[in-house]
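Input: structures, listed below.
Two complexes follow with chain A in common, the first pairing it with chain B and the second with chain C.
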Partner chain A sequence: MTEARRAPESPTMEMTSNKEILRRIEYTGDMLLNMGPQHPSTHGVINFLVQTDGEVMKRAIPEVGYLHRSIEKIGEKCTYNGFMPYTDRVDYIAAMFANQGWAMVVERLIGAEVPKRAEYCRVIACELNRISSHLISVGTMAMDVGAVTPFPYALREREFINDLLEELCGARLTYNYLRIGGVAFDLPEGYGEKVITFLDHFEKILVEFGRLITYNEIFVQRLAGLAPIPREMAIDYCLVGPNLRASGVNFDVRKDEPYSIYPELQFDVPVGHGQMGALGDAWDRFWIRTEEMKQSCRILRQCIAQIPKGEVMGKVPRKIKPPEGVEAYSRIESARGDMQYYAVSGGTENAYRVKVRTGSFTAMGIIDALSRGLMIADLVALIASLDVVAPEIDR
Partner chain B sequence: MTPEEIQRALAEKFGEAVGALQPANKDPWVEVKPASLREVCAFLKADPELRFDCLMNLSALDYPKKNQIHVVYHLYSYEKRHTFILKALLDRAAPAVPSLEPVWKSADWLEREQFDLMGVQFEGHPDLRRILLPDDWIGNPLRKDYKEETHYHQMSTTRESPLDGFVRLDELKKRAAAASAEAAAEKKDLPS
Partner chain C sequence: MQGWIDSLIRGWGQDPASWPWTQMIYLAFMGAAAFVVINFAAITAGIFSWAERRVAARMQSRVGPNRVGPFGFLQWVADAVKLLTKEDLVPAEADQFLFRIAPYFMMVGFCCVFVTLPFSHSLIVADMNIGIFFILAVTALIVVGIIMSGWSSNSKWSLFGAIRSAAQIISYEIPAGMALMIPVLLAGTLSTQGIIRAQGGWPWQWFVFDNPAAFVAFFIYFISALAEGNRTPFDLPEAESELVSGYNTEYSGMRFSYFFLVEWGNMWVMSALAATMFLGGWQIPGVSAAQLDAMTGGKAVVFELLSLGIFVFKTLFWVFVVMWLRWTLPRIRVDQMMNMCWKYLVPASFAGVIFVAGWMLLVHALPKVGTATHWILFLGAGVVPATLFVARVARNLRDTGDRFDFTSNW
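Moving on to the complex of A and B:
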């Protein structure tokens, strides 16, 4: 089953523009299908130029850029602090991580220290956000392959997290919670108990979710062995996060390039081992996310138990002005994997150059190579299993 | 391996083509001559001690004053768990550098992005076309001297500021008070 569904090698076509692709496809007599930009399964505005012969695709070429807002250019135009709300818009499903990446890169630029309590606040907010992002991911993936029931299940749980995060920072989607050198607000009174109450409830739901969907026979049959990504290919295409770990690479930025307070916390890194079909297939990518939610629950419980008292803002100059030519790089483990910020200072209050490397962008690059020989319905499952988010691709 | 050891290994193999480590920055980097970039990267990937199997990030910096464009490569090794940064310094008028797509597949999209936004030519790239912007877009927005066209397909790229002609409420009150004071003064001047 695994072998049959894997894409066969086909000669690569050289091309220069979309018109050229169109012309060649007409010539060969294949059918060209525009899947998108408005399509319910593409999770945002992405277009796929699909060259098909019946139901079987010869290749699917992703066309991105519909949501390009030039966030990197905006980063050059506003101050270091002023860029923080814009980072929310890099990835609005998991905005807390985009905040943290930016805060970390500027802290590295100016050498600022973050108080211990602020680090705990950050981790609590981020892990809550990771659960809510993964809930969207698994819910929509189940819906894309035809199971409608799990989606409202997942969204119902996400509402609780939205309420918790709203109580923390006043926003439900674009948080703007982190500051350079700390966080905007301390935890409200009784917040720890509320999080624990939610976790007690949610951990039972996770078990139920596993029974309902993850190990469901029909669901496993649908996804096992679908579009497996071998280990070397995943690294070569720079897949990150859950997609990389599903291919059997034991790498998590939180463990292997530790930042914040993660070295003090106990958690496991789930790695795919192809238990239902091939290593790195769509089911593995789904399963990794459900396992990561369990680990996030563990991290949250430890944070709530260990959080020290103290300040939530470190000493940061009012005007952030790193010396000219200093550059810094930060890596964090976002819900969609290794998110990287690269910032270069020009000696002014604005950054000279900001570069955001996101997990979705590199994940999209692999679709062309994987799609050859897949069915059109499997493309939908493949996109969902890679958990790409359109604004994060286009920035 | 530390960046110092990696730089020493590269300098031994390639000599002049690899520059010294620049430790003045938070993250040290090494300059590589564009002509030998692909050999250096192939060596970095294949050498059993180095094993840089992943190109994590590729970005470009524009320096109009120095008349240069820097292409920055962030490499990572999942096997050895070390990282390294390369820079290629290019002429700003005609920035061209060999494509690394044959070495790392992730370079495909990352190079297209820099071609699109910064206008760097990656020689030998199999499919070098714009990725984020439309095919008929003019200019490279991340260049420091980029000026946006006023129209794109007869659509205006600017919009009127909603704050044009906006007057603050206290300013209006101040004006009204001044006007009434003036009127009162005029009344006073009039013979009764």
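Moving on to the complex of A and C:
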């Protein structure tokens, strides 16, 4: 690039490009460490520009966008039903929630009713998926702190859930299970007993997992007091989901803006209270996920007990064509927090505008602020504790 | 070994002091011993690489290598062949000479340890009177190799790994050395065979249960040895989740295999040293070293093999413990690693040395106190915790089980 073509530098500009940051870091004489996009523990293709002069970092700047697939634009080019498989790819670790968000927003656009049994199927699928997503999260977090064994332990349990979800919808990762107005398949014969069998086993494993890693002295020493996010800071940086609740904010979309059948279910919202170190530290964020898995088990048991008989697909027109200019908005509690879909109808079979708002993207914003003065090993734990998933950041 | 060769030469009717070929015979036997030692080290490291993967797989509900040979035992041969035939890549920006030579420093530092490391009652390459000192000295070569590899790779991750490693190994050599001084004090010799001879065959005669400071020193030594061997929870120099692969990031092929040869071979070294210094080495329970010396003929061979078996069993047990720790514990952070060394292990090991010096005076005056302490420590710090641990593991196994097969008929 020649000098003349470079964009003019304005000293008053608050936001600086990453290239400019690079130039400044080199000027200070510190080492610039490119952590990513190919690095074992960035959880996908994310790059972190780490300014450091040793083990202690001065700053880490996340650089996102490597995994951008224009999912929102694709949503404007497909039919409403046709976009459902694409939503799986918004967050492939917890694809069921992205399905549900999209199904709910379109149902609100056209005012469709969802049968009760379909809602129960959705919640069963989603809560199973929440457990599997949290298992990945806690497993990779333990691995990033150096303990390798919890990861296969977590993945072993996740395989059982994958088996269950495969039986439900035929896919193990990108489910495409939900439909606008219901779900694709009813629960198979004897599904409830299988889920209960799994839960009986899994609740014991959670205790074992606590013994193995959650209360491990080295693990607690590594994470307690690491990168604490105070209550106000968590709200200011727009953290959502487990990251927000770890900071002591009792906010869960399932409770505070209830949707689906969650008002009928009994469950608690675990909130971090800094029992090992500071409030909202990395250990709290780890612990909150293990607690949420227990709550998901509770929800699943109730769903299996209460599920009514009936249809699983509501009455939805074959061609979904909402009137022009209708807007709808849905908000669900995904495994990574508050997931929001916004759609505007264009009067055709396609949406005029689709917007997805995800938890991982907002979590990336806080890394720069938290990373000052941390060590490189802590940065890895911090990224893992925020449970960011690269496709959900970039979409 | 020199004495044995001398007696061999005398058997040929020559006087070793004046025979002109004596030096050549020494050289030939040294060469043969070096050949055996390097091969022993390489093969042990290879077998450990297989064993570690099997152990890890069992702990993680996986299968592990099971294709090459029975239980995948020949996997390490296949890996060695693969690594030897791979391209030996040197990065264009690397310091070519240092990059190529660094693994050899590690190999030399590692193989030299076997010179004074005993295997059984009379199986040792050279029972030097500075044995422990020699081991501590030559292991320091490993850190030279690590720093060279990290610096010459011209990669930031390698450099981080090398700097961490230098800080770690040099720091932990102090508590390790001081902890090893306690058996040296108790035995009154630096020779490894001499230290084993000063202990007995039964557990309450081992140095680890000799006095409270020796008991603590054993754990100080074990922790420091883990740190010197870059094993979890001290695997910071090669922390793959932080530093990609640490100091060996840029290496490939044979040179890469050297690094891992040293790492796995070091498990034998640290465990054998623990067995030698604290756990009675090759001492057979009920048979004193003097009785072993006096044996001749077939009986001597049988008891020699028995002592070898006992030593190998003790060593392999600690090798297993090292693997067990690696697949259980998380990694500690750099500052915690340094804190632990300089704030706890170094003062504790110094205090231990002083305590043992005083303790020896006390026991010299009152021998009954020494015997009583052996038994109290053996029962209180050995048997009781071991029983509690086994009971706890049994309870955990009963709670959750360790094999899950409820999905097989789904």
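One rule holds in what follows: the second predicted complex is superposed on the first by the 379 of 395 C-alpha atoms of A that agree within 3 Å, B and C clash if a C-alpha of one lies under 4 Å from a C-alpha of the other, contacts with A are read in each partner's own complex, and residues count from 1 in each chain.
Here, contacts are C-beta pairs under 8 Å (C-beta built on N, C-alpha and C of every residue); 3 or more make two chains touch, one makes a residue touch a chain.
From a predicted model like this one, the values you see are computed outputs, not experimental measurements.
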{"item": "Room on chain A for both chain B and chain C (clash or fit)", "value": "fit"}
{"item": "Which of chain B and chain C A:V380 touches, first, second, both or neither", "value": "second"}
{"item": "Touched partner set for A:D163, first chain B, second chain C, both or neither", "value": "second"}
{"item": "Which of chain B and chain C A:G365 touches, first, second, both or neither", "value": "first"}
{"item": "Touched partner set for A:K321, first chain B, second chain C, both or neither", "value": "neither"}
{"item": "After superposition on chain A, the shortest CA separation from chain B to chain C (Å)", "value": "25"}
{"item": "Overlapping contact positions on chain A, where the chain C interface meets the chain B interface", "value": "none"}
{"item": "Chain C - residues contacting chain A, complex", "value": "56, 59-62, 156, 160, 163-164, 232-233, 235-236, 239-244, 327-336, 396, 399-400, 404, 406-407, 410"}
{"item": "List of chain A residues in touch with chain C within their complex", "value": "31, 33, 39-41, 54-55, 142-149, 152-153, 156, 160, 163, 167, 194, 197, 201, 204-205, 207-208, 211-213, 216, 218-219, 221-222, 375-378, 380"}
{"item": "Residue numbers on chain B that touch chain A, as the complex places them", "value": "24-27, 53-57, 59, 61-62, 72, 74, 78, 81, 85, 104-106, 108-110, 113, 117, 126-127, 129-135, 141-142"}
{"item": "Chain B-facing residues of chain A, complex", "value": "12, 14-18, 64-65, 68, 70, 72-73, 108-109, 232-233, 235-238, 249, 251, 256, 325-329, 338, 340, 342, 344, 352-353, 355, 357, 361-362, 364-366, 369, 394-395"}
